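The data blocks that follow each hold one structure.
Next, two complexes with chain A in common: one pairs it with chain B, the other with chain C.
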Partner chain A sequence: MSKDSSFIVERSTRLSAAAGIAAAVLVVVLAFGPLLFSANIVDSLTTLFIYLILSVMWNALAGYAGLVSVGQQAFFGLGAYFAIELSYHGVGVYPALLLGALLAGILSLPISPLMLRLRGGEFAIGMWVVAELAHLLVVLDPLINGETGASLIALNAFSPDHRRAYNYWMALATAVMLLTVVFMLLRGRLGASVQAIRDDEDAAKSVGVRVLAGKRIIFFLAAFGCALAGTLWLATSITFQPNTYFGIQWTAYMIFMVLVGGLGTFEGAIVGGVIFFLIEYMFGATGVWYLIGLGATAIVFALFLPRGLWGTLEDRWRIRLLPVGYSLRMPSADADAPDAAAAARERRPTPASLDKHDIAASNSIPARPR
Partner chain B sequence: MEETAASSVDGGLLVGAGVYKSFGALSVLDGVNFTLAANEAVGIVGPNGAGKTTLLNVLAGAYRPTTGAVYFEGADVTTLDAAQRCRIGIARSHQIPRPFGGMTVFENCFVAATTGGGFAGQHAYQRCADSLELCQMLHVANRRAETLGLLDRKRLELARALATGPRVLLLDEIGGGLTDEEANNLVETIQVLRDRGLAIVWIEHIVHVLIRVVERLVCMDAGRIIADGKPEVVIADAAVIDAYVGGRGAS
Partner chain C sequence: MIWITQLLNGVLLGGYYALLACGLSFMFGVMRIINLAHGDLAILCACVVFFIADQTGISPFVALIVALPLMAAIGFWLQRLMLERSLRGGMLVPLLTTFGLAIVIENGLFEYFGADSRSLAPYIGDFAFDSWAIPGNIYIGSLALLIFAVAVVLLGGLKLFLTHTSLGRAIRATAEDPDTAGLVGINARYVYAVAAAIAVASAGLAGVFLAMRETFSPYSGPTQLIFAFEAVVIGGIGSLSGTLVGGIVLGIAQTFGAQINPQGFLIAGHVVFLVVLAGRLAAGALQARGGLHRLFARRS
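Here is the complex of A and B:
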């Protein structure tokens, strides 16, 4: 181990540290939102936070773990449904929102062994079936009145102004918490493992990755996160209509946000969530044309910017504001040399003497801690 | 078959005892007994379809043998899957490289070091850096693996396997598709590993490359081992020449 000091594994940069501080400051400022902003803006920001949750969850699921689900609305709807049930059975309305989401998250665990065995398109379709099934079962519940739906009446005990502020704080706190948890998990060993599973499941097995366990953690987290988004949505709209909550449009929104922002980049999901929010804010009232515009934008991105906005930025300028990866720095030779130079160096044979010396110095290869 | 298993377990680090493997009606391994001693480097040759890769997959845990058993350090590991086998010290490379394309070269190794090798923190980093240095990949450490060319993909297979800290290395045609110069380069790396005492099983078509590293050569044909011994003896073996050059109808 004579070379301990000859390289550095970089996990953050000055820029990313600054970004972290900026994000913290932004959160603190946002925390005073209901005291600073008009009711309209508070409502809009609450919606934005919910979109951010959905976007980051779908990105963790599909972008990092390779689990392309088109059925996350199952948990979005189930969270809201359980919250209504719990509230109806006497649980306080705000605890019911949290517990309802937790129940939906827990329900993902018995579903996971079935679903996570499926790969690629099979998993996507399987999840859609789960969502449709959840929808059908919920409609059978007499409390929901079929497709007519039900309301979270208990919320009417609070005045609209208080409700607005509570919803805002709840959505902000949930978004910050979930984003932090996902970020820390992806930065940790789990993040590297699930990305390996995403890229090649069998190869991941061959280097010792516990494939099913890794997928299950992300699957649970994404289910819980989407369910929280569902209960937050219920808190803002009060009414629960199965058709709306179990609608495929939620998945379409999630895919849009993540594709436009940058699949598999942490910053991309956030950028995509903001962009989707702005597009909806500006054009949402135009009805059909809004939907056509969304579809066209998604197609343009898929064709011309397949790595999304942030993915493209990251590739071109190597900017990472919230890095989850690892970067190897060699003080002697820059390991991050531009590709052309790297390719040229690669063809140049290393001096044999240097090579042998280094190999002799490093005797850690056959050893194994036990 | 039980006797075979019992007798060969003692001598070997990694043992395949009475291994049969069939896919439906197709029998690919037809009673293979294979023993790898500690610190030994063994080459496996044989015509296409001889069952070489299947044997490697059985040893690595990617396939469960239809009948027969696999022993590692004297313990029966037949029921362990590929991930578990990697964690006890059996690493492999793939014939067609299977990099984690969306991750950097360094991260590819990092996954292997942390999950397969059980290394953590600075030890994991050191392990990755050592493996990459040995495979001459330090200068591409931060590149996304999907941007690599064939030679670097082959090297990455090796570096990633080494990052798990293996006792046994199973190489599946790691020199295939490379130019002679490129293959020579890899051979030098593998020689270093052998000299450090890593046990190696190496499947390769290019026999003249293989015999520069291995001290024992095994020839397979039609799911069986037809010759096993010193490389020069095996190469001269009539059955081996027969399997390679033709006249298979006569056998």
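Here is the complex of A and C:
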């Protein structure tokens, strides 16, 4: 199949190369954020970066690996909790934030063999139980004072201005790093294999995809990413209240961002994160109605626009800014009829359309030396 | 003696969990949907009954005559308007939509009823704390006993309904293979909606019993969903008689946990769930689910 000369496998386009350069320029500009923007904007952007991390992580988990977790707040809360413990035991405060997240990520490894054998809804609620258990156990720690919580007091060593700038840089660096790692992983062999698992686990297994290994990498990455988001949240808010950090609302936010942006599209998760940030900025103060609106919007998108805003745009105009997939192009049609070429491109599989053709396509990638 | 009393309490509490889990298990067995709004639908029914009892002074037991058909109707139309469409989108979409529904229900209830914890106990008089003495200084709450009896009757009745009525057989046939069921003249859409109606009404009944037993708030739903799910998994997914066993195991674990530590109630339940899960995975027995589950053989 790889020798079939009637198709060209396309991994990037001129447009996507331009988008990549634009993203790099944007990151460089953002790196000077604390020197350029007002304190308010720096704080807002820090929050936005945290949302982007959560959105991209949940998308990697649910959109690509098919693991709908309603318990990622377990790692969000555990990361923050470990950071407080480490800082209390004398670790420098910013290293504690990183190490805390890493510990929470590592903790996902012994959990994964149990959880990853569950499928669909069983996995979803199983993760919820894990989050509840983590919450209950953290509250037992005397350092946390029950539901009252504790503070990351060591942050007081920095002046508010410095703290703001450090938090911003850490959030930006974390977001860029995690987005890049997810992008590279999904573009590589792992992306194809986890998507094959998502679309049909048994079929994937039968053609030699190492199901558990693939899921475990994504599961660890998502746990680590959510834990980093949790420690960053701790750095910006200083106080740790178990009820807030282990709250189910984080899952609601993640589902909203990914569904609105586009489940299973890399750019969609980013778009969803930005949209959620704006919506929270505008309506967050309305409290309960805001949450009702988020839930209702998630239902509407899941039912009527399952590819989300970006996925729908992508399908209509065939834009791929940050392509992680493979496109098939017919060389003869390319020169004079770009529309026909576009039509011939392979559509990326979605959880909404279980298409055997997609599975075949994702497994027909020429094997590359590892 | 305290341990025997706790054991009995645990078993009776298990009856409540079985009742709560019954709808979750049934819906999964028939439609392969895990309804993440299950707990919130239970609380919704508790709120409806509370509203009726509070406004009119009618006994909550009488109010069930209005509330349960209402819940059944909600279940029926939930299937028709939302779940049916999300089922067409694959395995993940029902999870996402029911999670969205859960958020909408609990925050909607909060908007209307506020954050206060409520209870139906004041509306059922002495029955809330009546108990029977058994020789040996053991007391059994009459409400707990009633809930257990209702759970056994409901689970048994459902089993008989599935095996002995034409609608029950239609549900089983549709669960097995909706397309083939359609060939022999079964209206799968209608059958699914009826199954959803039964599931949601039974969840509502459990919610009302919860409200009689203890306090509830608009945000109590997720905890109930988790309990129900734990009972289902411990007992074996899709098996109605297993659900009763699972509920009892969970109930005993929780009452014993509470005896050890105030936080132990929840922790022990979750730990037993994870241990059972780990044990079953280790034994590689997750595929071989026994009992009634064979009625709902896996769709390919």
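The criterion applied here is as follows: the second predicted complex is superposed on the first by the 324 of 370 C-alpha atoms of A that agree within 3 Å, B and C clash if a C-alpha of one lies under 4 Å from a C-alpha of the other, contacts with A are read in each partner's own complex, and residues count from 1 in each chain.
Going forward, a contact is a pair of C-beta atoms (placed from the backbone, for glycine too) under 8 Å apart; a residue touches a chain by one contact, two chains touch by 3 or more.
These numbers were taken from a predicted model, which means no experiment stands behind them.
Colleague: Is A:161 touching the first partner chain B, the second partner chain C, both, or neither of them?
Modeller: The answer is neither, since A:161 touches no partner chain.
Colleague: Could you look at A:147 and tell me whether it touches chain B, chain C, both or neither (first, second, both, neither)?
Modeller: neither
Colleague: One more residue to check, A:205. First (chain B), second (chain C), both or neither?
Modeller: Once the two structures are laid over each other on A, A:205 reaches chain B alone.
Colleague: Where on chain A do the contacts from chain B and from chain C line up?
Modeller: Chain A residues touching both partners: none found.
Colleague: Which chain C residues qualify as touching chain A in the complex?
Modeller: Contacts found on chain C: 28, 33-34, 36, 82, 85-86, 89-97, 99-104, 107-108, 110-111, 222-223, 225-226, 229-230, 233, 237, 263, 266-267, 270-271, 273-274, 277-278, 281, 286.
Colleague: Quick one: in the complex, what on chain B touches chain A?
Modeller: 60, 62, 81-84, 86-87, 89, 91-92, 94, 98-104, 106-108, 110-112, 114-119, 122-123, 125-134, 136, 138-143, 145, 147, 152, 160-167, 192-193, 196-198
Colleague: Under the stated contact criterion, what part of chain A meets chain B in this complex?
Modeller: Where chain A meets chain B, its residues are 1, 3-4, 6-7, 9, 189, 192-193, 195-196, 198-200, 202-211, 264, 325-328, 330, 333, 335-337, 339, 342, 345-346, 350, 355, 358-359, 362-369.
Colleague: Can you tell me which positions in chain A touch chain C when the two form their complex?
Modeller: The contact residues of chain A facing chain C are 62, 66, 68, 70, 113-114, 117-118, 120-122, 124-126, 128-130, 132-133, 136-137, 139-140, 248, 251-252, 255, 259, 263, 288-289, 291-292, 294-299, 302-303, 306, 351-354.
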